[in-house]
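Could you have a look at this structure, given as structure tokens, before my questions?
Each chain gets a letter, A, B, C and D, in the order it is written, and its residues are counted from 1.
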Amino acid sequence: MSEPFSKSEMMIVAAARELAGQHVCFVGVGLPNIAVNLAKRTVAPDLELVYEAGVFGARPARLPLSIGDPTIVTGATAVVSMFELFAFYLQRGLIDVGFLGAAQIDRFGNLNSTVIGDYAAPKTRLPGSGGACEIAINARNVFVIMRQSTRSFVERIDFRTSPGNLGGAEQAEAIRRAGGWNGRGPSVVVTDLGIWHFDEAGEMRLDFLHPGATLDEVRATIAWEPRISPSLATTPAPTAVELRLVREELDPEGVYTK
Amino acid sequence: MSEPFSKSEMMIVAAARELAGQHVCFVGVGLPNIAVNLAKRTVAPDLELVYEAGVFGARPARLPLSIGDPTIVTGATAVVSMFELFAFYLQRGLIDVGFLGAAQIDRFGNLNSTVIGDYAAPKTRLPGSGGACEIAINARNVFVIMRQSTRSFVERIDFRTSPGNLGGAEQAEAIRRAGGWNGRGPSVVVTDLGIWHFDEAGEMRLDFLHPGATLDEVRATIAWEPRISPSLATTPAPTAVELRLVREELDPEGVYTK
Amino acid sequence: MPGKVATMRDAVADLVRDGDTVAIEGFTHLIGFAAGHEIIRQRKRDLTLARMTPDLIYDQMIAGGVARKLIFSWLGNPGVGGLNAIRRRIEPAAVGDGTPLEIEEYSHFGMVARYTAGAANLPFMPLRSYFETDLPKANPLIRPIRSPYSDETVYAVPPLNPDVTIIHAQRADANGNTQIWGLLGCQKEAAFAADRAIVVVEELVDEAVIRADPNRTVIPGLIVDAVVVQPYGAHPSYVQGAYDRDNRFYLDWDPISRDEEKTQAWLREWVYDLDGRAAYVDKLGTERIASLRPGSAPSGSVDYGDYR
Amino acid sequence: MPGKVATMRDAVADLVRDGDTVAIEGFTHLIGFAAGHEIIRQRKRDLTLARMTPDLIYDQMIAGGVARKLIFSWLGNPGVGGLNAIRRRIEPAAVGDGTPLEIEEYSHFGMVARYTAGAANLPFMPLRSYFETDLPKANPLIRPIRSPYSDETVYAVPPLNPDVTIIHAQRADANGNTQIWGLLGCQKEAAFAADRAIVVVEELVDEAVIRADPNRTVIPGLIVDAVVVQPYGAHPSYVQGAYDRDNRFYLDWDPISRDEEKTQAWLREWVYDLDGRAAYVDKLGTERIASLRPGSAPSGSVDYGDYR
């Protein structure tokens, strides 16, 4: 029998477990940051943390408040210019996993973090790409963390900031290969309800349902008819060790996990 | 009445005086290095020394043995990668004067430091460009220091490593402007016999004859019929102060000045 | 004081001109708030503001009415939310009859590449980005370019050469030779790309301090027009080794900036009604400043060797 | 020893393969003589040697018969004269019936730009060089490229991605995180451009030394395959802060290298007949080594701050 846990905690733990076997990870703030640090303490002890601000081998002594927190610098292995980080690390193909979030995602894992509505006259102006478009193109694998809702899991995104599997796996693979992209595209979408991987057609497929979540909830928070794995399983609940690490070490004030 | 001095000393002193009013100078080893350091102690106290190896604001405590001597690093203002030195300093247009030597020069100040003979089957293989071709293109002014001889002051150079005034001033100016070069081309050639500037046609013109040198010597050591200034003057001999600085401070062992 | 040392008031008055393209760079670290506030205070107008992450400082400057255009790659209050004053100048529902802010948008690497091309005096910089995204449609300055060595096509961005770049740093000498440690962002590239550069520092040091560690120098005095000494000039952002990010301020800004009146009231209280950074620091109070002080983590020393 | 620490013999045996493109970089500073000698000793063959300034080490390696091709930008014995063993493989009068060395020639910035393109995974790098020179005729890989923003044409060079890059440095930890001070040349670019990298260091240090000053790190262990600890491994070139250039050697090499027999005799005495760098240093003698030691010039320490 397991302890109670929040949806955020489940997302963090699920994302951390997906990092098993990975070596170099481009970290974002918030949930991805906690997930990566949890993975380093559990399934991926050799994980190297890279921050787009120009840090390789970070050892944050506290939960970073932004992607440029001074705690990611002190005690890091290397601090470099952003030209170098983007050119020699990301574009050179040294990053195994990049984390992305977005305001909108479609069934092929294409992401929008630029605008809701028309670009020239937006309903909502979002932050824009930052490094997202180049992470989507040049990180070997992309992990997406997003909460499900029909506003964000949409049939058609309003702006393609970060390419995923484009119109489908076959096309995406051909374009990625011909264009010399380092990235193989999105490999997982971790949501508050479950874990999605991508099938042969390049579409999201629900492989795990988080404990307590239902397929009805999944269908009600997604704008297309989702593919469900025939061998759908329940995500193993966070272990006591995982929860303790998150609650006591990684986010003791519960900024991201409440 | 002045002290006796060597031809090398006269070349150094003449080159140093030409640096009056200049600010940022790309230094080579040997005579240019001594000339630049002499200028800094006499006519151009604010001169900043840049070495292609990646040093800005060098303060060598001894005569550097090569363009990468450790003495140019210790106590410098900035030490940077060679990408940065060539891209952000030279190509950006921050270098006022670059010094060049060569195995061959023609009347328009075009230089060859690559091969004597045919490129594919050379009689003599020379060092090649190094940074010379980009200095000739992107330093605001180019100072040439060379000893005169009919082997080196030639009608036609065997290989154009560093562009000077090309086929003449008008053509060179048009090409330099259209191509966005920072450099205005060669401004002076200091030899063991005199000081040459460039006339309106872009050709070398002898403006000063060093003390003791004769026009016959000048003509005998140059492969074309040279232009001589109608107001040809004698180069003022090195002063006692200049000679003392060279002999006691800059090249006390007489490596370059004997 | 010898060299290029100037007051913030004089540096901004002399070197920032109406209509200029201004880059205040510093990625989360060393953000030039003191300089930005002085630009607001001097009521500069029609600026084109360039910055990878506009952050609170450009939200405040744009609220202060100094800008007509923004060039950027990520528009947010990091870790908190949106930049509300800027959004009010972009989203038609909020702009209404007001003048919308012109925008020119890249990705992070695109902005870095633009400054790099500017610093290197190149007509363009190639990069492997933008493939199959809508960004080249949104910004026609992002253009495909074919390799001369294969059929391969990548993208290019044009150089960005600000009229003036302003950076904040830990220390400089009076000639503007500037050293930074911690995150370096794209400050070097933005400074070399600019026609004029202002360096604002926590501490003015003797030239000998700089010359003792020349590999630490990020900006040579050669390209610096003014050195302004302004302790805590990067608050509420941070300076590695000197003070921490004042996160409370980033959180507080969100509700303030959602309301135009509150935003203008804040500008009056913290910018217009103060005569400079020293007054701002006084008003902030010694307790709050002291709370941002980190512990010590020395780099250690290396030996360059004395060669004579 | 944990991590990637290896002997020079094993590192070269495992990571340098016949037919490879090998870059030993280090511009006048930190030239990898110990590694070059081990490549001669192991009789590697058909290498393509890349280096801005081939210097004495490539003169020796080419005399040792390891190379079929040379990629470079300046071919000389700095401050002394020519590289005579290499010239004997280039000038037809000297090559005679022997096999000429294939050459591929750039300028300094061209070589730096090639490594930079290789490190950044770009299909080409533009630069404002080569205009109106004979270099693009001599090397057809130097090609014009038109800007997508104007009629302007500049030149491009292709990426250079060595199979293995070898660099010498002051210090690294066992994982290959490497710090250098003094001249940086193009080592970082050459290392990132390579498939494999060997770092040779004067001193192996604890990871904590590296992490105390992360801005000083030039090469991350991520791209390093082997760390070889080899004090005086850059002799007769120099290591900033540790030893001076042994100029006598550079002068002595000129008459030796003018004569093929003397050159081979030198290789026998100083390379083939020794089993490694320790024996070379012994043979050099403590007095000569001691004479190269500089005085002290400490960098001073900066504070990164402890943020928790």
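The working rule: contacts are C-beta pairs under 8 Å (C-beta built on N, C-alpha and C of every residue); 3 or more make two chains touch, one makes a residue touch a chain.
Just so you know, these numbers come straight off a predicted model, no measurement behind them.
Student: Which contact partners do chain A and chain D have in common?
Tutor: Both-contact set = C.
Student: Please tell me the distance, in whole Å, between the geometric centres of chain A and chain B computed from their C-alpha atoms.
Tutor: 58
Student: When the C-alpha atoms of chain B and chain D are each averaged to a single point, how far apart are the two points in Å?
Tutor: Comparing mean C-alpha positions, chain D is 28 Å from chain B.
Student: Give, as an integer number of Å, the spacing between the C-alpha centres of chain D and chain C.
Tutor: Taking the average C-alpha coordinate of chain C and of chain D, the gap between them is 38 Å.
Student: For chain B, write out the residues touching at least two other chains, lowest number first.
Tutor: 55, 69-70, 73-75, 79-80, 87, 91, 180, 182
Student: Among the residues of chain D, pick out those that touch two or more other chains and give their numbers.
Tutor: 121-123, 127-128, 152, 181-182, 184, 188-189, 212, 215, 240, 244, 294, 297, 304-308
Student: Can you list every touching chain pair?
Tutor: Every pair of chains meeting the touch criterion: A-C, A-D, B-C, B-D, C-D.
Student: Can you list the chain B residues touching chain D in their complex?
Tutor: Listed in rising order, the residues are 29-30, 52-55, 65-70, 73-75, 79-83, 86-87, 90-91, 114, 119, 121-134, 137-138, 159-163, 166, 175, 179-182.
Student: Which stretch or stretches of chain D touch chain A in the complex?
Tutor: 119-123, 177, 188-189, 192, 210-212, 214-215, 217, 220-223, 304-308
Student: Along chain A, where are the residues that touch chain D in the complex?
Tutor: Residues 24, 48, 55-57, 59, 61-62, 69-71, 73-80, 84, 87-88, 91-94, 180, 182 of chain A touch chain D in their complex.
Student: Any idea which chain D residues touch chain B in the complex?
Tutor: My answer: residues 27-29, 52-53, 72-76, 78-79, 82, 86-87, 90-93, 105-109, 112-113, 116, 127-135, 137-138, 152-153, 181-186, 188-189, 238, 240, 244-245, 247, 250, 294, 297.
Student: Can you list the chain D residues touching chain C in their complex?
Tutor: 121-128, 141, 143-145, 147-150, 152, 154, 156, 158, 170, 179, 181-182, 184, 209, 212-213, 215-216, 240-242, 244, 294-308
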